[in-house]
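Next up: the structures, one after another.
What follows is subunit A paired twice: with subunit B in the first complex and subunit C in the second.
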Partner chain A sequence: MKKLVPYIILIFLFIWHSMLFAQQRFPRPEFESGYTYPTNQLLNQRGPMWEYFDVAVLISALIVTTWLALKKRSRQGLIWMSVFSLAYFGFYRQGCICSVGSVQNVALALFNDGYAIPLSALLFFIIPLLFALAYGRVFCAGVCPLGAIQELTGFKPVKLPKTVEIILASVPFIYLALAVLFASTNSQFIICRYDPFIGIFRLDATYTLIIFGALLLLAGIFVNRPYCRYLCPYGVLLNVFSRYAGKHLTITPAECTNCRLCEETCPYDAIIPSDTDQNREEPEKSRKHFILYFLLIPVFAVSGAYILYSLAPSLAGVDSAVRLAREIRLEKETGIESLSKAVVAFKESGKTEIELFAEEEIIISRFRKASPWAGMFLGISLGIGMISLTIRSKRNEYKPHQGRCFSCGRCFKYCPIKVQTQNEA
Partner chain B sequence: MKLKLNEKDISILKVISQVAGGFTLVVALTMIFSLVQLKTINPLDNPVLLSVKDQYDKDPANAAKAEQVRAMDLMARKAYFSSRWQVETGSYLLLAGAIILIFCQRLISDNEKLNPLLPGAKNDSSFQQKRNRRYLIATASVISLTAIVASFVLRNDLPDPSGQSGTSAKSEAKSKETAPKPDKTNFPFFRGQDSRGIAGGSGYPTEWDGVTGNNIEWKIEIPKQGQSSPVIWDDKIFITGAQDMECEVYCINKKTGDILWIGSAFNIPGEPEVLPKVDQDAGLAASTVATNGKEVCAVFANGNLICFDMNGKKKWAKNIGVPENSYGYSSSLMIYENLLLVQYDSEKKISLIGFDIETGDQKWETLRQGHPVWSSPVLAYFDGKPQLIINGNPKVSSYDPSTGKELWSVECMSNDVAPSVAVNNTMAYAVTDYAKLTAIKPGTGASIIWEDNTYTPDVSSPVANDEFLFISTGNGDVVCYNPEKGDTLWTHYFMDQFYASPIIADDMVYLLDRSGVMHIVKAKSEFQLVAESSLGESADCTPAFSDKKIYIRGKKNLYCISKN
Partner chain C sequence: MIEGTNKYQSRRDFVRRAGKLIVAVPLVIIPVALAKKTSAAGYVWQIDPFKCTQCGQCKTNCVLTPSASKCIHAFRMCGYCDLCGGYLRQGVKTISTGAENQLCPTGAITRKFVEEPYFEYTFNEDLCDGCAKCVKGCADFGNGSLYMQIRHDRCVNCNQCSIARTCPSNAIIRVPVNEEYILKDKR
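And then the complex of A and B:
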């Protein structure tokens, strides 16, 4: 019965969560009786203390999750944490504030003097990374609301072919590069704008986003955590930090017997088998490959920089001012009057087209400056990825891949080794 | 503690989850349908409601109809909010169904027997690494290739701010024409280059006296009277005059004041046999000629349109019909590329006509809407494109000078419109007496940025640069505005009326009043009078500026003024 409690709480939270449809889509009726509408009541902004409370909740949740994953080794406990995080960070805080999106706040703050990053956003960015550096991706295990909703709905795991895994693994890097590029150029926060689950948390979003979120959850029933694996830009950073984790979750609580029972159990393909009985690539060949890819890193970096530099004007299209300028230009070329809200608002603003086009040029030149760096990041990431595929360390046991492992604890139950505590004995 | 379920429990859970799944699916589909309806259908656009409202608008005293409108409005709103309620309720049902489905499935999967796969032989990790490297390189190559192709495909649609070579950059550069800098020698149209009222060059005289001859280099009597202003190309001045039906074009040596040739512009086939009724002040020769250095063209109030080469040889002439209106015809000509542009204003028809300047063939005619006016076209450059702007009644309109196609218009004028517009690099300013001064942001969807009706000229045209807008009125007021915001920077009352249009030259504004006194003020945000110089005879024509000299047509004489 204890096992049902988290689900019952979740049901209550769903019911409690209410949806507001308070938009005015057409004029209010006029009353002849003299009735006057009350002044609009706006929600008060949350006080800063509540932001620190969120940070405190984040830290507490991370500590508890770490304890559950590393010490207690309780998959059930991690499900509990997922329910809590989904309820608090997802439905109560409506997906904001969020560590995934905080990447953009940090990027904007780094490249724009005029933006002062809120301390809470900075802490939401840094703290999960510090925990990843210490204990692996415990944030993904039970604290991230995006991960939690996928973890709870992923109950029929299917493994994807390795080819697909490799191809899709490059997407988060591209997403991260673009998200940082767009945020640093003060153009758009695409992570927040295209967060597939925000519509579910708030029960309000565009159709396409709600459908995208629903499809992702449906796919996630079989291909577990699709957003975390193939999209999450913050996951790229957690992946890197987690590789150097001082203490990481282990599959077995004691010494691995190489029984191979866990080998195919991880839906994320994050279990690295032992290789004591494996053929190894000839050291000379490995070394050559290593040197080749090492030397290719600058080539990849320059190529990436050039490609993104060439794409800069197109990428600048995410900026609303650039889109508006293009719309105005198209309107002038075709002679067909644009009726979009942005164009109508622009025409009423008193701003001239010359000013708009000048602004467009400034934004494009900003993209020209920033895009090569994003391309360079992608090139270097590719180079390092290639190098990592030439390095082999000797492994005597089955262990999680520290970068890819979400510390979800699915593998615990497949390990036949149990440790009895003194009390249990 | 683990919840143990037997096979019977599992099968019950499976049935529940299947029912929940089916329920969730049906609710989801219904909600999608309702949401699409809510987003696409506006309850107040209901055709029946609109029809009843229409009927009520025609008969507002009908109380029964008003009640019917209210009832239908209420019904439409109720229907809308019912749909909303259904969607809201549906969302909870959807959530409940989804939770039950997930809950059951989790229980089922948690209670499934642990059945770890017993894998066969281990994969060769060395081979896997090689394969992964290949996949990674292939993926990176495909993504890079796509990005490169995309960058080339999309490039054509984008402006190139770097100004580097490339198709788009070239076409952009070609299409982005800018207003030419006023020439220091040539003053080819009414109010100079592009008819903007800004003179090129510097070192123009500020002090003279027509009576004593101080700084008057030469002075000649124009054979026939007229209100047209002088225009200049190289060392030739062109001006028109008329007496009775005899209309003439005079070419005068700029240096000596000698008349080089007189081009007669009468006895042209189609011209009226009797003198058209025109205002005595205006006469037949009120329109200023236009020249491009190869041709000089003139138009008169009897409809005679004529074109000479620079040596006085007639190239072509025609009568375009008497522009009949209450004061006569006064719109000046404009030349753009190989087109002679005529603003034709008559009670019968108002239009803009483009003639081939070589042959006189009509290339196009654009009919304008509204009433006849007495303003002249002005060539402006907005958004890198040349536009011919006409101060009309009631619309200020912009036309493509090559095709005559209307680009935009703003309805803001009324009464008798005689002043032409003033333009700078961003805005156009239209004004006339008993109406208002209007600043217009040009472009598709042109709009009024600011208005002021405190000072309004009746004849004199305003003049603007990017910093200041100047107006001289028929009452003697001169006003300086902030052209961007419309703030009045200063005003000054000069006692005499202004008909001639002000010209900005050498950071000064030259304002010629009707008594022939030129008031010269600094073009700056505070009023500063530089000088006041008298011609000694009345003057209503706009002066021409060329090579440090000013040419003013008085009532009878043409003056050349220079610094000694």
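And then the complex of A and C:
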């Protein structure tokens, strides 16, 4: 019997605890007046079927945009397409779901077991890339709501100096690497967090985000599409895929006469001129550069991996658990009680510090494992970017740079060559 | 090299085709890798009411104003108290429906006499701004029958819920669309 006493106490404590947990301080009243409990009106969301309607809209919008850009060659049509996408994906669907953010869902699903990616998100990720591989960046031209709002507000294009352009154009690579890193470690979706135009779509956001979006739009009047060119992480993927596009938009409907009328028309610096009358680097020299940069790629990759590996602990700071653990440690070191909501909630939760620090270790080690890959990606991208500077092809026509061209169709009207269709003739 | 023996026109052509193949591979691999990890329905955000610490950040951090997170009353848990910690300010002199006595800053709670000594408290969802003051009051002094929950019909279902990011108790979780609301009282 004596042996049983501790167990009896334990069972008693369990019951006591469960009573405390239920917070049932006051018993449920026994009504005599025939009172019935009211029910809460809890409405559900619009059904999941609508997500597939969005996918259908995406596909049809892509098809129409492709037709307008490649076949019809109508800038006016592309503008109307932008208006539609801005209205539907932007203002009606309020910017969610979008292909730009879906990169993170894919990264999260690939590296985390607990998360199953919604099929619509996967389709939003894949379909624009497929179109880019076939027809270039038609998604940017008239389907992406973020691109559309900037396309419609770019009134007075100004060209940036080449160096500034190159430096700014490398930012999306870093943004993509970090976004995938943070999403795959299940820390944060930074693309969604810093989406500059979502506040405009919803007409409601924190004031810092509204200011950021408004500034980008203001800048976009002169430096067209600043988000697409200098930030958009999905644009990096589209850029790469579009370079290998099977059929891409052309400036001229027929054969280029090198009249140079289109030369200055592209606000995105995406028209590569014909080089019939241009000075070229000696082939011997560029071959040497090519070999040098080619051999440098592994060096860049390794050093990129090393840099991001050593940055892993500080990168892990985006995770809320890591931040909390650091706050608690700081509190213990300084002896000053932390009053942040996270720390207060942690103390209420009854989790021990040992558990928290163990969790922090796990998260940091995940970052250690993942961040070298991000660094390697950045290093290889840099290497390939440098190699592409040394390659020069012979061109006797003006054509769009398939990576940078947004298929906006601004250059169409500057081409003096018009092909008359049979109906018109 | 004799012309015509190679199916590629030039080295450049070969590089182009190889590049195209290399970028196309991930487009095949990713759907295959995710084939088992794809759900036809999506997710919605919900608050786990048992984890919630009533910090009040739902009101300020939601991308919507007013927040999509609002108070729900679990009537079957309620004690129908006269002195309600969720309805009355702490230390009120008289227990009445006077505005000066109410805890709710927007007056979203209605108090109605049922029978001696019980009072029913109902919510006007349109007025509730999700400040969680009543929830805190009820959790501290009552049965905890008031709790916060994200309303599906209001929530715009951001990819990254901005309340979830800052929720100090990690109470906001992704829930499959076809599951019901997470309720405190199972009906």
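Here is the rule we go by: the second predicted complex is superposed on the first by the 381 of 425 C-alpha atoms of A that agree within 3 Å, B and C clash if a C-alpha of one lies under 4 Å from a C-alpha of the other, contacts with A are read in each partner's own complex, and residues count from 1 in each chain.
Here is the rule we use: contacts are C-beta pairs under 8 Å (C-beta built on N, C-alpha and C of every residue); 3 or more make two chains touch, one makes a residue touch a chain.
Just so it is clear, the structure is predicted and the values come from calculations on it, not from any experiment.
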Query raised in the report: Between subunit B (first) and subunit C (second), which does A:Lys413 come into contact with in this model arrangement: first, second, both, or neither?
Result: first
Query raised in the report: Does the superposition put A:Phe189 against subunit B (first), subunit C (second), both, or neither?
Result: second
Requested in this report: Scan A:Val240 for contacts with subunit B and subunit C and give back first, second, both or neither.
Outcome: second
Query - Touching partner for A:Glu348 - first (subunit B), second (subunit C), both, neither - result: both
Query raised in the report: Touching A:Leu339 in the superposition: subunit B (first), subunit C (second), both, neither?
Result: neither
Query raised in the report: subunit A residues touched by both subunit B and subunit C?
Result: 25-27, 29, 343-344, 348
Query raised in the report: Quick one: in the complex, what on subunit A touches subunit C?
Result: 23-29, 31-33, 35, 37-38, 40-45, 48, 51, 94, 96-97, 101-102, 104-106, 109-110, 115-122, 125-126, 129-130, 133, 188-189, 192-193, 198, 202, 204-205, 240-241, 243-244, 320, 340-346, 348-349, 393
Requested in this report: Mind listing the subunit B positions that touch subunit A in their complex?
Outcome: 1-3, 28, 32, 35-36, 39, 42-44, 73-74, 77, 84, 87-88, 91-92, 95-96, 99, 102-103, 105-106, 109-110, 114, 116-119, 122, 124-126, 128-133, 135-137, 139-140, 143-144, 147-148, 150-152, 154-155, 157-162, 382-383, 425-427, 441, 443-445, 447, 449
Requested in this report: State the interface residues of subunit C toward subunit A in the complex, per the touch definition above.
Outcome: 12, 16, 19-20, 23-24, 27, 30-31, 33-34, 37-44, 51, 53, 55, 57, 63-65, 72-73, 75-81, 114-115, 118, 120, 122, 125, 139, 141-144, 149, 151-153, 155-160, 162, 165-166, 168-170, 174, 177-178, 181
Query raised in the report: Once bound in the complex, which stretches of subunit A touch subunit B?
Result: 1-4, 7, 10-11, 14-15, 19, 21, 25-27, 29, 152-153, 155-156, 162-163, 166-167, 170, 174, 203, 207, 214, 221, 260-265, 273, 275, 277-281, 289, 300, 303-304, 307-308, 310-311, 313-314, 326, 328, 331-332, 337, 343-344, 347-348, 350, 352-355, 357, 360-361, 364-365, 368, 382, 385-386, 389-390, 392, 413-414
